[in-house]
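Structure first, commentary second.
Each chain carries a letter (A, B, C and D) given by its place in the written order, and its residues are counted from 1.
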Amino acid sequence: MIRAAIMGATGYAGGELIRILLGHPEVEITALASRQFAGRSIDNAFPSFRGLLKITCETPDPKVIATKADVVFTAVPHGTAMEAVPVLLEEGKKVIDISADFRLKNRAVYEEWYIPHTAPHLLEEAVYGLPELYRETIASANLIANPGCYPTAVILGAAPLVRHGWVKGDALIADAKSGTSGAGRSSKQSFSFCEVNEALRAYSVPRHRHLPEMEQVLADIAGGKFSVTFVPHLIPIDRGILATLYIDLVRPTSSDELLEVYHRSYQNEPFVRVLPPDCLSDVAMVRGSNFCDISLCVDQPSNRAIVLSAIDNLVKGAAGSAVQNMNIQFGLPERSGLESVPLFP
Amino acid sequence: MIRAAIMGATGYAGGELIRILLGHPEVEITALASRQFAGRSIDNAFPSFRGLLKITCETPDPKVIATKADVVFTAVPHGTAMEAVPVLLEEGKKVIDISADFRLKNRAVYEEWYIPHTAPHLLEEAVYGLPELYRETIASANLIANPGCYPTAVILGAAPLVRHGWVKGDALIADAKSGTSGAGRSSKQSFSFCEVNEALRAYSVPRHRHLPEMEQVLADIAGGKFSVTFVPHLIPIDRGILATLYIDLVRPTSSDELLEVYHRSYQNEPFVRVLPPDCLSDVAMVRGSNFCDISLCVDQPSNRAIVLSAIDNLVKGAAGSAVQNMNIQFGLPERSGLESVPLFP
Amino acid sequence: MIRAAIMGATGYAGGELIRILLGHPEVEITALASRQFAGRSIDNAFPSFRGLLKITCETPDPKVIATKADVVFTAVPHGTAMEAVPVLLEEGKKVIDISADFRLKNRAVYEEWYIPHTAPHLLEEAVYGLPELYRETIASANLIANPGCYPTAVILGAAPLVRHGWVKGDALIADAKSGTSGAGRSSKQSFSFCEVNEALRAYSVPRHRHLPEMEQVLADIAGGKFSVTFVPHLIPIDRGILATLYIDLVRPTSSDELLEVYHRSYQNEPFVRVLPPDCLSDVAMVRGSNFCDISLCVDQPSNRAIVLSAIDNLVKGAAGSAVQNMNIQFGLPERSGLESVPLFP
Amino acid sequence: MIRAAIMGATGYAGGELIRILLGHPEVEITALASRQFAGRSIDNAFPSFRGLLKITCETPDPKVIATKADVVFTAVPHGTAMEAVPVLLEEGKKVIDISADFRLKNRAVYEEWYIPHTAPHLLEEAVYGLPELYRETIASANLIANPGCYPTAVILGAAPLVRHGWVKGDALIADAKSGTSGAGRSSKQSFSFCEVNEALRAYSVPRHRHLPEMEQVLADIAGGKFSVTFVPHLIPIDRGILATLYIDLVRPTSSDELLEVYHRSYQNEPFVRVLPPDCLSDVAMVRGSNFCDISLCVDQPSNRAIVLSAIDNLVKGAAGSAVQNMNIQFGLPERSGLESVPLFP
């Protein structure tokens, strides 16, 4: 059994890691760290786990955590991760970081969008944990930078076109809609029930922190520069991201041709489902699962591809992809622990 | 024009007072106080008011507020109200207090459920602002203790039976369900969107602070003691309280007899609607309005009345009844400013 | 008093017309027609109106309706409207049609997107009822084609740029999100609660029926052709449309310049609010009101305007703009009956 | 492998059975029947299952279905089940009926609340499938009458007190709140999104069809008569029932004593969790799982137990308990296929 620890166990991504790992046949959860719930049973943070897991949360101390685990998931805020991760690596642990701290290769870009980086030497070593693009390097990585939720939806939706060089102007528009769990387990007034329910608004326009991450990865695929106009919106649902991509095509293309490219690109991927023409992606159909559902068509008058990419932001957008990365790192079947069927309704 | 000020203008009850008073033909809003938004336009707290009201929030100082208004609504937390109200009364202002500070007649009971009282001399003077019961005394009162949202729904639902002496054992069960705005404009994690949405739970069982208030008023009507078993539940909607009352009857009674009693009790009330037998109260049908919708029947096997009482907790349960009280105090038509039609859907 | 009748009174747009007209100082509702509720009180369709309006719904017969009203609102499905409207006009009534039947000037275009047209002779006479663009012609029109909800949000969001010739390529992308009342008072399984709640999906991609309507009006403003890529999404809220527009600009432009254009364009409009730079449009802030809230910025790297346009689809997107049109037709103050303050939360 | 078929596969209970059985290590789904989707892939009814299950729905014919399965789940409307079940039993199949057709022992009572019964000879043979009460008889039953969702929550919440003879007057009040999936996969207007969202209402007061079922089972436990006052409410959430029970006690009892009784009653039950005193049942904490969470206290002034019982109506209230019953019938570990962790948020 692989011994797994979670730092930041009582946020939504942490809770989702617990939920998934409880069903993983090769993993045992051996330690949970949480500043807020230190000294208290995990049941206090998540009554849903009552009777399923008997662990008391401990104060986050990476040295101590390292003694108890083979792999550590850091589901902590950016800034906090860059403190803990170097210690965990020094202790010889595999680390899967769910924060943003190791996603950007360029320190200056990181510091422009976030804060000064205290572990910049690890930026190069870290592997961007999107298995559909980087499976081989993930297999041998010690430090995985788990992708952001929006970048996951956008990149998986765009990658086949970008890779084939079908994108006019090396640019796209991503209009993304996210459920509220994407904001974390928050106590901000602006995420309180009555401020989100029956509301509908964009935020962080036009510069959201996930933008440089998308552009970096799409540029890597394109083999050059790539730019994105990105507008995220907050939706009154718990889980799910739907990214609607508008991509100008280099030459006249039919919806069928496009669909064929996507089918070929993802035919061996266990968690990407390319939908038939009469079926549009819906976050309700991936809830609780590690699937990314992609549907698409060409708007003929503008010769523009419209791609709809749906994920559960807490699973494929966070904890699920983290476990998928762990499976790859440890040589396990990639689907292990990730076979749960979407919960609908 | 009556000059009205609101202390606590940027909470939900304060915002609702603004909304209602903006449509009141005899009232001008002259001052808004808010600790959190002092120095900033009310638009910052409620973008919905943009273009409708040009007022900068000021630091709450009852002496200053008193110079600007004929009537002051105190929509502040309990404890804060008891500091401001005596000052406002000394300055000769009418005060309508939406907090709990002046609702309980008995200081000891208040202090058992809340905190030490610093203005106990006003407890007797304060008039409980439920017009359906106390219209005459409201008319001449300087200090109105505006009823709590749950007590409003429960008392209006039970009063006809209690007054007629039809209640067995001078007791009832009130199973109440409330929308989340009843918790105030909160930044507590437990009221954040993902903790409330798709959830359903009771709270403060079996002793919620609105219990002694209900029991006091029902005892007053009964002319003796009256006890309530009260269980409030949190529902993932913005607005609305539905109170389901279970009341054992002193003698076999038909649903028609019961309905007749309610029709007679409320026939002259502008804001209580007794529904026909085939129509059950729904909070969606009173949203945004000052109505209390009551439906009922008798469960024959148990000879128990089932009464369903629905209000909008921010209107009839707070700001609307406050304006109704103001209308009575100032001799205005009781419906003034309160004619807005329920918003459905 | 103007006597107003509503055909299709028991759908959501019909109910919203009733709600608004009940508060209109110059209008009396004299007749309500509904196939489904003929012979029954309007309370049966909308318990919210209990006590406010005593009208029995009648079978829809335009000849009969015409005898009872000065103005008739036809809030019926497309196809049904084109049968009733010619009769009402022959009887000398003003007609405000909320269906799609008279919005498209070109019969062939209408028939491509809808069904064969049985009253094509009225297409030219009908005036597109968007006051911000066509106020003068509305004033003298007998037949108003009330705009669709999506076109209202998109056209108001784009018009200032289109009119100024700042739009590159005479084209834009409109990513729109709508509350579920936009689908009408439906009994389709796909709009049942559990299929919409916690879900998020696009529909009618890439050809929704509101597309030719937008293109027609924007072309009219542009003085040439104009094309739109339009993707509507269904959101689990009752009311509200947020349209996110992506508009390539002809020359480098700052957000401030853009804002200045919008402020000037809409400075005299009673129902369009251009928001300050730090405030983004939110449907929650226009709920129940006739406002259209517009916020915007320029995405510098792409020199693309991002415009966010929010309306209540049942008010500014249907019943509210219909009443605004009626006010113009009858020479009343444009705000009459439309002063209700947004309901938040 | 046990071969399982589902009749009524495309409703919510049918879909939930598929979801659960896909994760069951000892079961293979071999046939799905659906009138509405006959001839089409199950993906059409539930896009969530894409890639997980390749089965075409067939016309419901119990003779044909019987040839393909060892156990048949009938998740069809009442009335339909009583036609299919006798055929399936004649073919020697185990049947788990999720409809109401075989729950009531007394034919006259069934016919009073439902319709004439065409297979009354099976009423005695059918075993009420609540494992916590009838595990032994379930083990040897050929026909399981799977309990209704409300009765499951109410009976599990009340059983320990009823069995111990602590209930005064052999009666209780059950105020129940249900998510909307309890109404089935409906196309009724009253269950459309805008009619349920932001609404809150009771229904079927005071005589809901689940009432005689509760009374029958509680009477069986009590060893005499038992009566229930039952008021169900519709809540705008997808899944979950919270039943709030008010139970008068025969003698003064403390909350601790009560808790002790429940702990003892359920200590060996794999799916009933009795919560500690500081934790109240919440449907969000059982979502997607087979748990029933029970919390309780005594209201001292009235000496009345308040019991809060929460289940996922589609799992413990339908498909989950059906699988639990199948496990018992086939001698499998009771938890097989039912270990999925609650999904929160």
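Operating definition for what follows: a contact is a pair of C-beta atoms (placed from the backbone, for glycine too) under 8 Å apart; a residue touches a chain by one contact, two chains touch by 3 or more.
What you see is a predicted model, and the numbers here were worked out from it, not measured in a lab.
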- Query: Looking at CA centres, what chain is most distant from chain B?
  - Reply: A
- Message: Can you check which chain pair, A-C or A-B, has more C-beta pairs in contact?
- Response: A-C
- Message: Roughly how far is chain A from chain B, centre to centre by C-alpha average, rounded to an integer in Å?
- Response: 45
- Query: If you average the CA atoms of chain B and of chain C, how far apart do the two points sit, in angstrom?
  - Reply: 36
- Could you tell me the distance, in whole angstrom, between the mean C-alpha positions of chain A and chain C? 39
- By residue number and range, which residues of chain B touch two or more other chains? 12, 181, 194-195, 197-198, 236-239, 282, 284, 287, 345
- Show which residues of chain D lie in contact with chain C when the two form their complex. 12, 180-181, 185-189, 191-198, 236-238
- Item | chain B contact footprint on chain D (complex, rising order) | 171, 173, 175, 177, 179, 194-195, 197-203, 205-206, 227, 229, 231, 233, 235-240, 242, 244, 246, 280-284, 287, 297-302, 304, 306, 308, 310, 345
- Message: Quick check on the complex: what are the chain C residues that touch chain B?
- Response: 12, 15, 18-19, 22-23, 43, 46-52, 181, 198, 238-239, 273, 275, 279, 282, 284-289, 291, 293, 339-345
